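Think of it as A, B, C and D in the order they're written, each chain with its own count starting at 1.
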Amino acid sequence: MPSLISYQEVAKHNSREDCWVIIHGNVYDLSQFLAQHPGGVRPILKQAGKDATKAFEPIHPRNMVDQLPAHLHKGAIDPTTLPVLAESSTSTSSALSAKPPLSAMFNSFDFESVARQTLHPEAWAYYSSGADDELTLQENHAAFHRIWLRPRVLVNVKNIDMGTTFLGTKTPLPVYITATALGKLGHPEGEVVLTRAAGRKGLIQMMPTLGSCSVDEMADAKVEGQTQWFQLYVNGDRSVTEKLIRRAESRGAAGLFITVDAPQLGRREKDMRTKFVDDAPSVQSPDSVQRSQGAARAISTFIDPSLAWSDIAWFKSITRMPIVLKGIQSGDDAVLAARAGVAGIVVSNHGGRQLDTARSGIEALAEVMNALRAAGLDRALEVYVDGGFRRGSDIFKALAMGARGVGLGRPWLYAMSSYGQDGVERLVDLLADELAVVMRLMGTPTIADIRPEMVILKDLASHAGQPPRDALSKRTYEPLDVPGRGGASKL
Amino acid sequence: MPSLISYQEVAKHNSREDCWVIIHGNVYDLSQFLAQHPGGVRPILKQAGKDATKAFEPIHPRNMVDQLPAHLHKGAIDPTTLPVLAESSTSTSSALSAKPPLSAMFNSFDFESVARQTLHPEAWAYYSSGADDELTLQENHAAFHRIWLRPRVLVNVKNIDMGTTFLGTKTPLPVYITATALGKLGHPEGEVVLTRAAGRKGLIQMMPTLGSCSVDEMADAKVEGQTQWFQLYVNGDRSVTEKLIRRAESRGAAGLFITVDAPQLGRREKDMRTKFVDDAPSVQSPDSVQRSQGAARAISTFIDPSLAWSDIAWFKSITRMPIVLKGIQSGDDAVLAARAGVAGIVVSNHGGRQLDTARSGIEALAEVMNALRAAGLDRALEVYVDGGFRRGSDIFKALAMGARGVGLGRPWLYAMSSYGQDGVERLVDLLADELAVVMRLMGTPTIADIRPEMVILKDLASHAGQPPRDALSKRTYEPLDVPGRGGASKL
Amino acid sequence: MPSLISYQEVAKHNSREDCWVIIHGNVYDLSQFLAQHPGGVRPILKQAGKDATKAFEPIHPRNMVDQLPAHLHKGAIDPTTLPVLAESSTSTSSALSAKPPLSAMFNSFDFESVARQTLHPEAWAYYSSGADDELTLQENHAAFHRIWLRPRVLVNVKNIDMGTTFLGTKTPLPVYITATALGKLGHPEGEVVLTRAAGRKGLIQMMPTLGSCSVDEMADAKVEGQTQWFQLYVNGDRSVTEKLIRRAESRGAAGLFITVDAPQLGRREKDMRTKFVDDAPSVQSPDSVQRSQGAARAISTFIDPSLAWSDIAWFKSITRMPIVLKGIQSGDDAVLAARAGVAGIVVSNHGGRQLDTARSGIEALAEVMNALRAAGLDRALEVYVDGGFRRGSDIFKALAMGARGVGLGRPWLYAMSSYGQDGVERLVDLLADELAVVMRLMGTPTIADIRPEMVILKDLASHAGQPPRDALSKRTYEPLDVPGRGGASKL
Amino acid sequence: MPSLISYQEVAKHNSREDCWVIIHGNVYDLSQFLAQHPGGVRPILKQAGKDATKAFEPIHPRNMVDQLPAHLHKGAIDPTTLPVLAESSTSTSSALSAKPPLSAMFNSFDFESVARQTLHPEAWAYYSSGADDELTLQENHAAFHRIWLRPRVLVNVKNIDMGTTFLGTKTPLPVYITATALGKLGHPEGEVVLTRAAGRKGLIQMMPTLGSCSVDEMADAKVEGQTQWFQLYVNGDRSVTEKLIRRAESRGAAGLFITVDAPQLGRREKDMRTKFVDDAPSVQSPDSVQRSQGAARAISTFIDPSLAWSDIAWFKSITRMPIVLKGIQSGDDAVLAARAGVAGIVVSNHGGRQLDTARSGIEALAEVMNALRAAGLDRALEVYVDGGFRRGSDIFKALAMGARGVGLGRPWLYAMSSYGQDGVERLVDLLADELAVVMRLMGTPTIADIRPEMVILKDLASHAGQPPRDALSKRTYEPLDVPGRGGASKL
C-alpha cells in the first residue's frame, strides 16, 4: 500500500499531459483516461491538480471510480495537507435556512418553488430545462387544462380505494417514481432518498441508468417487499448493456424499462447556457458548436443511436423481467410495441427534454389508446404515461383515458432537494389527498369506476398557438377600472 | 344559578386537558368536547382560557352553543374582570372609512373591489377562494365571453317585464340569492342582512345550512309574503338532517335544495394558506397533511359522503317542500334527477370551490338542456343555474339556453360586506337595470320572448387553454408604438 | 326689449325653485323647464345662477335655445358685469402645444393616440367608451385579425381605381363618414369641420341627429356637388321626427339612415364614471341608480323604444330619400329589411356602445350576406358596415365579403380633435394610400376585381375567449433568455 | 483630367438648383439628376455640398455611380481639404465591444438579440420591420407553433444525411440564403460576406437586385464550384431587366428567381417612422403622405407594377437559367405557375414586409401542395418556402409538408451584422446541429425518410386571434402564489 500523497504533490500535476485528481480521498492519474471520458476532456481538466470529489459526486455513482484501471490509482491523499475550504456562503445555504416549514407545502408547485431557490443554479438548470424553446416542456403541463371533467353525483363515495396493480405488483396509488438522472445535484445522498420514501409509502421506484447512486446502492436501500424497476439507456457496447440488465435483475428489479426516445439527448439551452457561464472565464477564442453542451450531453455520449425494433428479441433473450418501452409517442409505434410482445409501454416525451413541439404525453396517450383499440390490442399490454403530472386531477384524467398508471419525475426531485425524504413523503400524501378528493367528487370510489366519458377530450389536440399581437390598438385602449383600488383618493 | 366567574379564573384553564372558554358572556368547559368538535381540536385550543366570542361568532349560529350539554356550562363571566381590549386599528377599518360612496358602484365588480379592501384577509380568502388552481373558479366567469348575442331590432320594447315564477312563486327578476356560508365574516349581522334586502326587493333567498345565522334568525327577519328556500348539507346522522328539514319547513321554507356536489368540500388553497399563516407561530414540527385545511373543511366534516340516488325517496317521504338537487353537472345526472321525480335541479359547480377543471355552470347547462330535451324531460322539472353570473347579459344568456332562473352568491356577500343592506339593494337595482337594457336591445320585452337562437353557443365548449409561450422570439421583437405617448419629446 | 341684466342679479336665482342661467349672452329662467330637460335636472342645476354657455355648447346645436318658450327669456346679460375667468391652464392645452407634427401621423391609431392626450377627459370618455365590459368595442377591432388574405400575383396593377357608388352617388373611396354625436367636445367648431374635409376629399358625410352642429349648419358648410346623408334617431313624438326628416330633405340630404339599434342608449361605464367624478363633491347621500348616467343617456331620453317594423311604411310616405336601416345585426333582420323595401342596411353594433357581447359588424356581415344570398335578396339592397375599421385591409375585407361601403366614425373625431380639418384630410389620404397598397398587392386593380375567395373567413366566428390562467406553474417557470440584453455583464 | 476640387468649393453648391455631392472621392453635379433619382429628391438634397459617401454606400452598389452621365462628373475631391470627422461614438460601437463571445450564441435568436443592440437604429428598423401592424411578420414565426410533431422510435439513426438537391445542385443542407437588400447597413462589406460564408459551408446564395454589393462583386467573391442564384425585381424598363438577367447568367447564376409579390413595396411603419425622426428637424410644415416613406420605398420605385403572367414567356426567351417565381401565396397561383412551365416557386410573403394579414409561408405551403397534388402537378416543379424559419424543427416541418428547400433571410443578416463571416458560419453549424437532432429524434436518417404524417397540421390554419380582454374581473382576482418567493418572510 502506497504511502499518503500530499496535496502539494497532487497540485503539480495540473496539465492535460499530466493530470492528477483527488476523488473521495484517493489520487488518480487521469492523463491517459482524458480522451475516453464520456463527458469530454474539459470537465476533468478543470479539476487537474485538485480535489475533484465535489464535481465528481453528483454525476457518477460512487463505485464508478472502481472501474478505472488499477494502475491509475496513485494512492491515498494525506488529509492533513488538504486546504481548509471555507464552506462558500452561497445564496443556497441562506435560502435553505429561510425556507418555509414543510407543513406550508400544499401542492407540488410549492416544492418546486422552494427548490428553485435552494438548488444550485446549475442543478436547477439541469433539472428544470427542456428542449429548444421549451414549448413541449410547458405543453406537458398546459395540455391538462384542455381536458375538462364531467363529474357524477349521488354515488356513495364514503370509501375511496386508489389501489391498483402495475405489472402484477400491487400499489396503493396509480403513480410511480420514474427514472431521473443526477440525484446528487439536489440532495447529497441522491436517489436512495427516493428509494427510502418509496419504501415508506409503498410506491414503485424506477431506478435510472444515469443516477448519482448505483443500482446496488438503490437496491440496498429498499425494504422488505418493496418493488423496483430498472430504466435502461442502451449502450453502444451491448456487453455493457447486458451486464447492467443482469445486475439489475439479480438485485430484484421487477421490470425493465428501455428508453427508446433518446438515440441522442436533446438540446437543452438553459443547461447549455449555464455550463457556458461557468466555463466562460477560460474561453479565449470562439468555441466550436460541440463544446459546452450542458450536463445532458456530457453524460449521454454512450447511448446507442442505432437501437431498432429488431433488437427487442435480444432483450427478451437475456432477461425474464417484463419489458416496457419508455418513450412511445405515436399510435403506430404503440401497435408495433404490442406486436413485438412487450409487457407495456410508457407514453412519454422524456419530460419535454428531447424534441421540441412533440406533443404532450397526455395528448399522445389519446392517439395511442385509439390505435390500440382499433387494432384490438389495448389489453395486450399495459400503458403508462408521464410528462407534466402535478395534480390529482391530472392523474385522474390519464386513468380515465385508459392509462394503467402515471409516472412522476421532477416533482420528487424538487421535494427531495428542498426537504429530503420528509418532503418526498409529504408529496406522496398531498397527491393521494388530491386524487382522493377528485375521485370522491367525480363519483368514482375505485379506479375501476373511472370511465372515459368522464373526461372531455374535444380540445385536447387543439394547438391554436399564440396569435400575433397587435400593438397599436392596445396603445390607446384604456381598460376599465374598478373604484377603490387606491382607496377613495382615486375617486 | 352560579355566581359570576372572574376572567382570572378562566385564564387558568388553558390546556388541552383543562380547557375553558368564554362565549357570549358564558363560560364553558370544553375539555371533553374537544374531540367531537367538527372543526377539529386546534381552533378551540387557541382560545383556551380566553374569550372566544369573536372567533366563534362568524362560524356558528348564535344558538349553537345551547346544544352543548348543560353540565359544560360553568356559569356567567364577571364582565368587570374582562380585559379592556383596544379595538385593533386594522387596515380594514381605515379602508372602510375611505371607501367610495355607494353611488360610485356601477356594477358587481365594483362591490367586489371594495370588499377585497375592506374584508379581513381571512374572510376574503374564504369567500373568494376556489378549488386547487382555481381554473373552474375563473372559468365560471370566462365562459360567458364565449357566448355571443344575436340581437333583433324594430321590436316594440317600450315596456320591459322581467318577472317570472320559481317553483310557483312570482319573482320580479329571474334571479335568486343562493346559499353561502359564514355571512358574519363579512358583516356583523350575517345572513339576515340578505333576508332584509331580499324582502325589500322581492327576491327569493336560499337559506344556508352553514350560515352564521340560524334558519330561525333568517325566518324571523322576513317580511309578509317573502319567500325563502332551504339549502341542505346532508348530515351523516339522518335524524339531524330530518330535524333540520322539518324545522325549515315549519318556518315556511318553500323549497328544499339538497346539495349533491359536496360529499367532501374541495381543496381551497388560498383558504388553507391563510389559515396556515394565522397558525404559523405555534407550529413547532412538520404538520400532517390533515391539519390547517382552511375554513371550508373545518365546518364541513359532518357532510355525508355516502348520499346516493336511493336516498331521494326518503327525503320525499319527510317533507312536502318541492325538492331541488343542487350541483348537477352532467346531462346523464339531469335525466336521472328528472326520473327521480324531483321538482328541479341547479346546474352548478359550487362556485368553482369543489372540483377544479369541472366545467362552468353555463357550459354544463347546455349539455343538461340537450339531454333533457333528448329524453323529452325538459318540461318535467325546473332548471336553475349558478356560477360566475355578474352581468345582466350573463343572466340573459342562461335564460335563452333554457334556464328558468339564475342564482348569485358571492356578489351579494361582497355588496353586503362593503355597504350592508343598502349595498345589496343597490346591486339588485344595478342587475335589474343591466338586464332591462339587454332585453330592450335584444328585442325581447318579456322573458317569454327570449329564444335559443339569440345566443351563439358554437364556442361555449371550446377549451383551447393557454398555449405554451415562446420566449426567445419575443425577446427581440419590438412592438409598434404610437407617437405622442410621452409628448413630442419621444419624436 | 328689456334692459341688460347684471351678473349679480342672475347669481341670486340659483336654486331648483328659482333657476336662471346665461347662454350665449342671454338670460333664461329655467325653473319650470327643469323637469322637461331631456338630460335631467342635475346638469342645469349645476349652472343655476351662472353662465352655462361652456357646458351647453358641445351638447346642443346653437339654435336649440330658440325652441324655448319666449317668456323664459329674461333678457340679455350686461357683459361688463361678467367675471373675468382665467382660462384654465389644462393639461389639454399644454399637450396641444407639445403634440407631434401632422406629418408624423402614419395611421389612424396615431391620431387616436394624440387625441387621447389632447382631449378633455370627459370628451375622451364619451368618444372612446363602449358598453359594459367593452368586449364588443374591442371585438370590433379584433375580429379583423381573424380574417386572413389570399393574395394573387402577376396581375397588372399599375392603375388602381378605388371608386364606387353609394346609393347612386359616386365616391372616390368605398368609405363614408358616419354619424357621431357631440363633435364640439373634440373641436370648437364641431361637425362642420368634417363637412369641410369631406367636401375637399369628395367623401359622403352622414349628418347626425345628436350633433353639436345643426343640420342647417352642416348643410351650409357643404360645397357644390357635395353629398350628405341624414342619420335619424326616431323621437317618441312623431311630429318632431317628421319635421327633422323634411328639414334634412329640404337641405339636400340624399339618404335617410334610421338608427334601429338604439331603443335605449347602452351602459357606457367609462362615461358614467367620468360624470360621477365631476359631480362627486356635491353628493351627500347615496344616489339612486338612475342618476349620473353619463353623456350618452343624458342626450338620448327622447328616443322612442316602441319603433317597429310596421313604422317603415310611414317613413316611406313622408320622404323621397332612400331609406337605410342602420344597426342590423342578424341575417333574419336583413331579410326583413329587404322585404320591407328599404334601399339599404348598415350592419353595425353602434361602435360597441350598445350591447356588450354582440358580435362585431364584420362578423355579422358574414351572416347577413349569407342570409340575403340564401333568400335571393343580396342584390335587392345595398349593404354597408361599420365598427372598428382602422386599416385599408379592414376595408378590403368588408368589400370582399360583399359590402358596398364602409363607415368610419371615431377615427374622424380623433383626427379632427387633434389636428382639425387638416387632420381629417390627412386621415383620408392615409386610408386611401393603405387601401391602394392592399389592392395592388392583392392583385385587384378595381373594386369589381375584389372576390370573396380572397378572404379566409374560417375563424371569423371563433370566440375562444380568454382561457382561465393557471398561476402556480407560471410562478416557477423561468422563460428562456437571449444573451446581450444587459450587455456582456449578463454573461 | 480635371484638377482636384476643394471641399470649400463643393460646399457652395448646396441647393436644389445647384447641388454637388462627393461620392467615393469624386464630385458630381446632381442638380439635373435630382428629379430622376428613384429614391426621391430629399435624400440627395440632404447631402448637397457635402461628402455623401456614407449615406450612398449601403443603398447602392459601388458601380452604380458609373451609370451617371459623364458630364455630371466634375472631378476628384482634394482629399487634403476634407474635414476630419470624429468617428461618432455611437451606442453601436460600445455595444460591439461589449457583445458576448461568438461561442455564447446557441440559436438564431441569440444573433438577433446581439444585432438589435449593435445595429444602427435605422438599419435595425429597415431589417426588422414588417408591413402595417406586423401581424404577418409575427405570424411567420408563430405559425410553426401550430404544427406539432409525431416522432417515430426504434429506427436506426446512427448516420444522419441532410443532403438534397436544389434545381439539380447538391446542397449539404435543405436550406439556402435568400435575397435580402442593403447588406452594408449591417456590415461594411455587405453581401459578399454571405457569399464567402456560403462558399465555406457549401450553401447556395441567392443574389439580390437591391444588394449593397453588385452581382459582379458577389460573383467575384465565390469559390470554385460554389452555386449562386439571382433574384430579380423587374424594372419598368425591360431593357434594363434584360441587361441584369444576362449579366447574372454570364456570371454563372444557376437560377433566376423573379419576385412576383412586390408590384409595390409594402408600408413598413417602423422604417417610415425612423426615417421621419431623422428628418424631423428640417420639417417646417405638414408633409404630404408621400414623403418620408422609409428605406423600402426609397429604393423600389423602379419596380414594374404591370408585370403579369403573360410576361413569363419573354423571360424564358432571354435566359437559359431555370426560372422560379418568388412570392406565390395561393394554390391557384401555384397551379398557374406549374402550367406556365417554370422550374419552381417560392411560397413566400416577402418576410411579412408586404401585405399584412397575409398568411405565413408555411400555412400557404399547405394550400399550395394540396392544389398541386389535386392538379397532378406536384412533381412538375420544385416548391421552396421562406418566412420566419428559425429552428431545425421549422425546416423539418416544411420538408414533411412537401417543400424541397427552405430560404432564410434575416437570420444571416443578423449573424453577419453582429459577428461577420464567423457569425454566419456558426449559424449554419447551429442550424445543421438542430436539424440533425430533430431528424434523429423523429426517426428519419435521410431527407427521403421524412413523411407527411409526421407533422400534425390540424390547427395550422387556425386564426383565433386575440380575444377581447375583460378588465374588471381581472382587477379583483388574486392569482395563487407559491411560498418562498420572497423568502420565509412572506409566510
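One rule holds in what follows: a contact is a pair of C-beta atoms (placed from the backbone, for glycine too) under 8 Å apart; a residue touches a chain by one contact, two chains touch by 3 or more.
Note that the structure is a prediction, hence the values are computed from the model and not measured.
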Going only through chains that touch each other, what is the minimum step count from chain A to chain D? 1
Can you grab the rotation angle between chain C and chain D? Superpose on CA, round to the nearest 5°. 90
List the interface residue numbers of chain B and of chain C, divide the shared ones by all numbers used, and answer same when the ratio is over half, different when under half. different
Roughly how far is chain B from chain C, going centre to centre by Cα mean, in whole Å? 42
What's the distance between the Cα centroids of chain B and chain D, rounded to whole Å? 60
Out of chain B, which residues touch more than one other chain, so two or more? 101, 104, 107, 109, 112-113, 133-135, 138, 142, 145, 269, 273, 276, 280, 462-472, 475-476, 480, 482-483, 485, 491
Contact footprint of chain D on chain A as seen in their complex: 95, 98-101, 104-105, 109-110, 112-114, 117, 132-133, 135, 260-261, 263-264, 266-267, 269, 272-273, 276, 280, 283, 286-289, 291-292, 304-309, 311-312, 325, 327-330, 332-333, 336, 354-359, 461-472, 479-482, 485
Inside the complex, what are the residues of chain D that reach chain B? 107, 109, 112-113, 116, 128, 133-134, 138, 141-142, 145, 269-270, 273, 276-277, 280, 390, 464, 467-468, 470, 472-473, 475-478, 480, 483, 491
Note which residues of chain D are touching chain A in the complex, please. 101-104, 106-107, 133-139, 142-158, 391, 393, 422, 426, 429-430, 433-434, 437-438, 440-442, 456, 458-459, 462-466, 469, 471-472, 475-476, 482-485, 487-489, 491
